[in-house]
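Presented sequentially are two complexes of chain A, the first with chain B as partner and the second with chain C.
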Partner chain A sequence: FAGGGVGGGNDFQWCFSQVKGAIDEDVAEADIISTVEFNYSGELLATGDKGGRVVIFQREQESKNRPLSRGEYNVYSTFQSHEPEFDYLKSLEIEEKINKIRWLPQQNAAHFLLSTNDKTIKLWKISERDKRAEGYNLKDEDGRLRDPFRITTLRVPVLMPMDLMVEASPRRIFANAHTYHINSISVNSDHETYLSADDLRINLWHLEITDRSFNIVDIKPANMEELTEVITAAECHPHQCNVFVYSSSKGTIRLCDMRAAALCDRHSKFFEEPEDPSSRSFFSEIISSISDVKFSHSGRYMMTRDYLSVKVWDLNMENRPVETYQVHEYLRSKLCSLYENDCIFDKFECCWNGSDSAIMTGSYNNFFRMFDRNTRRDITLEASRENSKPRAMLKPRKVCTGGKRKKDEISVDSLDFNKKILHTAWHPKENVIAVAATNNLYIFQDKIN
Partner chain B sequence: MEYKVEAHRIMSISLGKIYNSRVQRGGIKLHKNLLVSLVLRSARQVYLSDYYAGVCLNAQHIEAKEWELMDADREKLIPASEAAQPSSADCGVSEAAQPGQTRTTGGAQLCLKRHVGAEDGRASRLQEKDGDSLDPSDVAVTSPVSPAISETQCGSSDCETDADAAVTEGDSRQPPKDHACSHRKRSAEETGVSETPVKRTKVTPNAIVANNEIEEGEEMDTSNVSNLITIFGSGFSGLLSKDSAKSESETDDSDSGSGQICCEQMLKNLNPWTTAIVAF
Partner chain C sequence: MVARGMKRKLYGSDNGGGSVWESQLQSVLDISLDKFQRDQALVEPSLLRSVLITNTLRQVQSVVKTHLSGVSFHPKLHTQPKKQPELLSTLGSIPAGHSASLCSLGVEDMEDDLMAWPSEEDLSLATAITGILNDLDAALDDDCGLSVPQRLPLASMENLPGDGRSKQNSTISHKTDGCRASILGNSSHMSNYLQEAVIDDLLLDIDTNVFEAEANSVSPCAFSFPADQLVKYLPPFSNSSAVSLTPASPPMVR
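And now, the complex of A and B:
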């Protein structure tokens, strides 16, 4: 089938909408996007990069004046969230790279998000200022103090409109709680707590309290030499504030109930698919390591991403996933090369669409894949500047795995493994997707919109 | 056997990754290093899977070098059961990962016992090869580490040498059916292997580690261990005993004195050192 058609059940056509970022072939490492996240309404889209910066885009209101800029995202705020640090005690540099951004549900005019690097989580408040007080008594309009002896009258300052200014200020800093590298943060459905996970531990925080957190999972063995697996991702259940899951490097997922015990070392459910012994190789363990876990919006399912596939699990069935989608199975025969060039360690993320009918994940060569759970159709699309005319429809791509290469197909050996799409996000309500391709952010929309 | 070549290559790559991880920005990544160590362990298991299958009792202290001998020579001159010569220090495991750790030892025997069973001109040629005059077409030896027998190195890959050897020997080469070391049967595949020339690498930590691993069951040469510790730097928190899952000690462990601890532990654990350890 051609022309899109995945994502929502009808024949949607994915079209290019926008691309953000430098065109320059020379990519500065600091500009590499490391996380992408829509907020709950989809009005805001946040990206974090390796340089520790956060850029927030806001969707334009559709207006009759500018009908063509239907729902475009423009820069709303940019700020430096994290700086590189040096741990003198351990002689370790702490990278400023933003590992994850998670929005808080909006409760007032301001927006709040959590951003984290390897060690420190910060709560940022993003607020607008479009009025300014004028007519102070003690200082004049330039801000200089007035000579008190010159003041002869009193006046009440008045609020005057000003150009919109968006301010980001750090409201909380949650530090010193993680010995290992933080890989996940997740806001709880109670809107008061959140969890943060590193390789060996998961902590539960209260958003208001920065000087302590509760350790709820600890898989560090007494003797580190006995370590066999690490935590790779964790997420709170979207509705049940006592439930969370965490995935491991062994390809297993544990669901825990915080009501059961203060320390959730014993899982309530354990999800694992038996390994297929025929596909065993040196790299079986690496490719089974789960790089991302995401609950469906409904809370009924969860999705995991390992190196070659995406799996959908029913929370009520622990012994195997209900759906498995191959992302780039043609890489299975290349695992040794991918091990050599470190690509096998790439951590791909995955995401659901708003109705949980489709899932999306990235691949190499700036390809990303979408799977329709209902029709079982899948499509491969490419994020590239060549295909970046406004509203240009994306053409499905295909990787040729052997035999004769058809026209328009690309062979496995021609794939560019430096162009990897690790981070993608799907608008919570509409068919709008954000795809991070190294230092560029692509936004695609479906044509019907 | 290609899989051994592959296994050895993967081991070398893995060790390189572990080593490089120490200087990466942001500190050592526990997850990645754990995965690498798992690969290293798998590769090592494969690599050594045939080692004990044969009756290779005269395993000696092996250092990193390459040693290429013809099967025919070994067949004739050194029945495995007889091969009880003490080490020539040169008989090192090759970077090329010849299934011949035992070949190497056999080779050592060959060199030392060159006068034994010289039915053909081969042995006499070998006599000449004592010292520095080994004919590359017969024997491929690289011995960067204190060669006892010879410093000659072979210019070509192991496989080519094998092929050369086969040519040189001509009819006198016998199929190694009767050799006690079962892995010898690989000789049939040797010429086939020539398309995958083994990379000769200089002695590196990889080689040292590989050698150590091959020394399973033997006395550990602590000098190699010390080398490894030096290479990984301080903070070597100890080595795993066999079958333990691998890991690296945590980043918050103190680095002091662990090099020494490692040495001590190595001496205590004469068990096979099955997995690579990452020093933190």
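And now, the complex of A and C:
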């Protein structure tokens, strides 16, 4: 089927909208995008990169003059969230790479987000300033203090309009609570607490309190030599503030209820699909390692991403997923090479659309895949500069797995494994998607409306 | 990064042919060991990666052990017991950091060379292999990438040989907490991190030699058995360092 057809039941067609980032062939390591996240309304889109910077894009209001053109995302704020640090005690450098950004629900005019690197989480406030006070009594217009003895009259400062300025300021710094590398943060539905997870532990924080956190999961064995499994991702339930899940390197997901005990080492539910003995190989465990877990917006399902597939689980059924989607099954026969070149350790993320009817995840060669859960149709699209004419429709891509290669198909051996799409995001309400391809951010929209 | 000396083959997902399976086993072993060694040299390897690689190595180890014990799930291999020594001498060549030269030969080549071995060598080889496996066991258990002393700060704070260390540390944690607070100028932290990471490090007798070591050298403490000790287990062959061999030359086991 041509053009689209995935994304909400109707026939949508994905079109190029915008691309952000340098065109240079030479990609600076610091510019590589490491996380992408829409806020709750979809008005703002945040990216974090390996250089520790956060760039926030804001959607322009649709103008009446051009009703058919959708709002574009333009830079709203850029700031340095994390700097490289040196841990003198352990003689280690702490990378400034932003691992995750999570927005807080908006409660006033300002926007808040949490950003984290391997060790430290920061709460940032992004606020607009479009007025300036003039006519201070104690200081001149240029800021110099006036001699108080020479002030003979008092006046009330007046607010004057000024050019819009967007300021980002760090309001809280949550540090020194993780021995291992933070892989996830997740804001709780109570809007007061959030969790952070590293390889072996999960901590629960209160947004107002920075000097302590509660450790709620600890899987560190008494003897580190016995360690065979680590935590790979964690997320709070979207509605039940006492429930969260965490995934492991062995392909299991544990759901925990914080009402049951202070320490949630004992899970309430344990999700694992029995292994298919016919497909067992030396790499079975590595490819079963879950790289991302996301609850559906409804809270009824959760989705997990492992190396070759995406699985949708019903929270009421622990023994197997309700849906399994193959992302790039043609790589199964190449696992040894992919192990050799480390690609097998790539951590792909996945995301739901606003209505939970479709899911999206990335692949190699700048391909990304979308699956419609209702029609069971899937599509492979490419994020590339060649398809970057405004409103150009994206052509579906196909990988040839054997036999004769048709025109427009690409063979498995021609795939570029350096071009990987690890981070994607779907607008919470509309069919607008953001796809991070190395140092470029692509924004695609559906053509209709 | 390439599996040194390994002829590239298309690896099918089937386990039908014994030689295909064996070459994949060899390849997985080589690649895993290479990664294992490289990660050992890093100051802070990724824990997820370390665990996955170590688990893969353990898997290979258990498969080879199963083979040795005579339980064969590959009929073709069972009829060619002489092929086993090559795989296991590969295991033996791990700590030397050299390529498992045998794997540079094609499977067909190995067969020819095997025929050249006198049969009375097989017995001594079997003994050597058992010894090597035990050593590999020890290597994996003691240094599964997670508890290398000094080089891996994450592990160095816990599980050092010396029992009771954690108990000892917790009793003095209050004192050093205050010490830590003044160093950093932060308010006192109650999290686990400080109690484990800071106190242990303060108490450790840090071996500064470790920090002077080159990043790319394999620290002798990384493996529990040095290369020269291993040599005595191996049959006396000439010690040439050639990696690529013609079928006619004697097989390398280092």
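Here is the rule we use: the second predicted complex is superposed on the first by the 440 of 449 C-alpha atoms of A that agree within 3 Å, B and C clash if a C-alpha of one lies under 4 Å from a C-alpha of the other, contacts with A are read in each partner's own complex, and residues count from 1 in each chain.
Keep in mind that, in the parts below, a residue touches a chain if its C-beta (ideal position, glycine included) is under 8 Å from a C-beta of that chain, and two chains touch if they have at least 3 such contacts.
This one's a predicted model, so the numbers in the text were calculated from it and none came from an experiment.
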When chain B and chain C are modelled together on chain A, clash or fit: clash
Contacts of A:Met224 with chain B and chain C, given as first, second, both or neither: both
First, second, both or neither for A:Asn176, with chain B first and chain C second: second
Touched partner set for A:Thr424, first chain B, second chain C, both or neither: neither
Partner chain(s) touched by A:Ser289 [first = chain B, second = chain C, both, neither]: both
First (chain B), second (chain C), both or neither touched by A:Asn99: neither
First, second, both or neither for A:Thr232, with chain B first and chain C second: both
Comparing the two partners chain B and chain C, which touches a greater set of residues in chain A: C
Touching partner for A:Glu340 - first (chain B), second (chain C), both, neither: both
Doubly contacted chain A residues - partners chain C and chain B: 90, 92, 179-181, 199-200, 224-225, 227-230, 232, 249, 282-283, 285-286, 289, 336, 339-340, 342, 345
Residues of chain A touching chain B in the complex: 90, 92-95, 97, 118, 179-181, 183, 199-200, 220, 224-230, 232, 249, 282-283, 285-286, 289, 336, 339-340, 342, 345
For the chain A and chain C complex, residues of the former touching the latter: 89-92, 176-181, 199-201, 203, 211-213, 215, 218, 222-225, 227-230, 232, 249, 279, 281-283, 285-286, 289, 332-337, 339-342, 345
Interfacial residue positions of chain C with respect to chain A in the complex: 1-3, 10-13, 24-25, 27-28, 31, 43-44, 46-49, 51-52, 54-56, 59-60, 141-142, 144, 146-147, 153-155, 158-159, 186-194, 196-198, 201, 211
Chain A partner contacts - residues on chain B that touch it in the complex: 6-7, 10, 13, 17, 25-27, 29-32, 34-35, 38-39, 42-43, 46, 237-238, 240, 244-253, 277
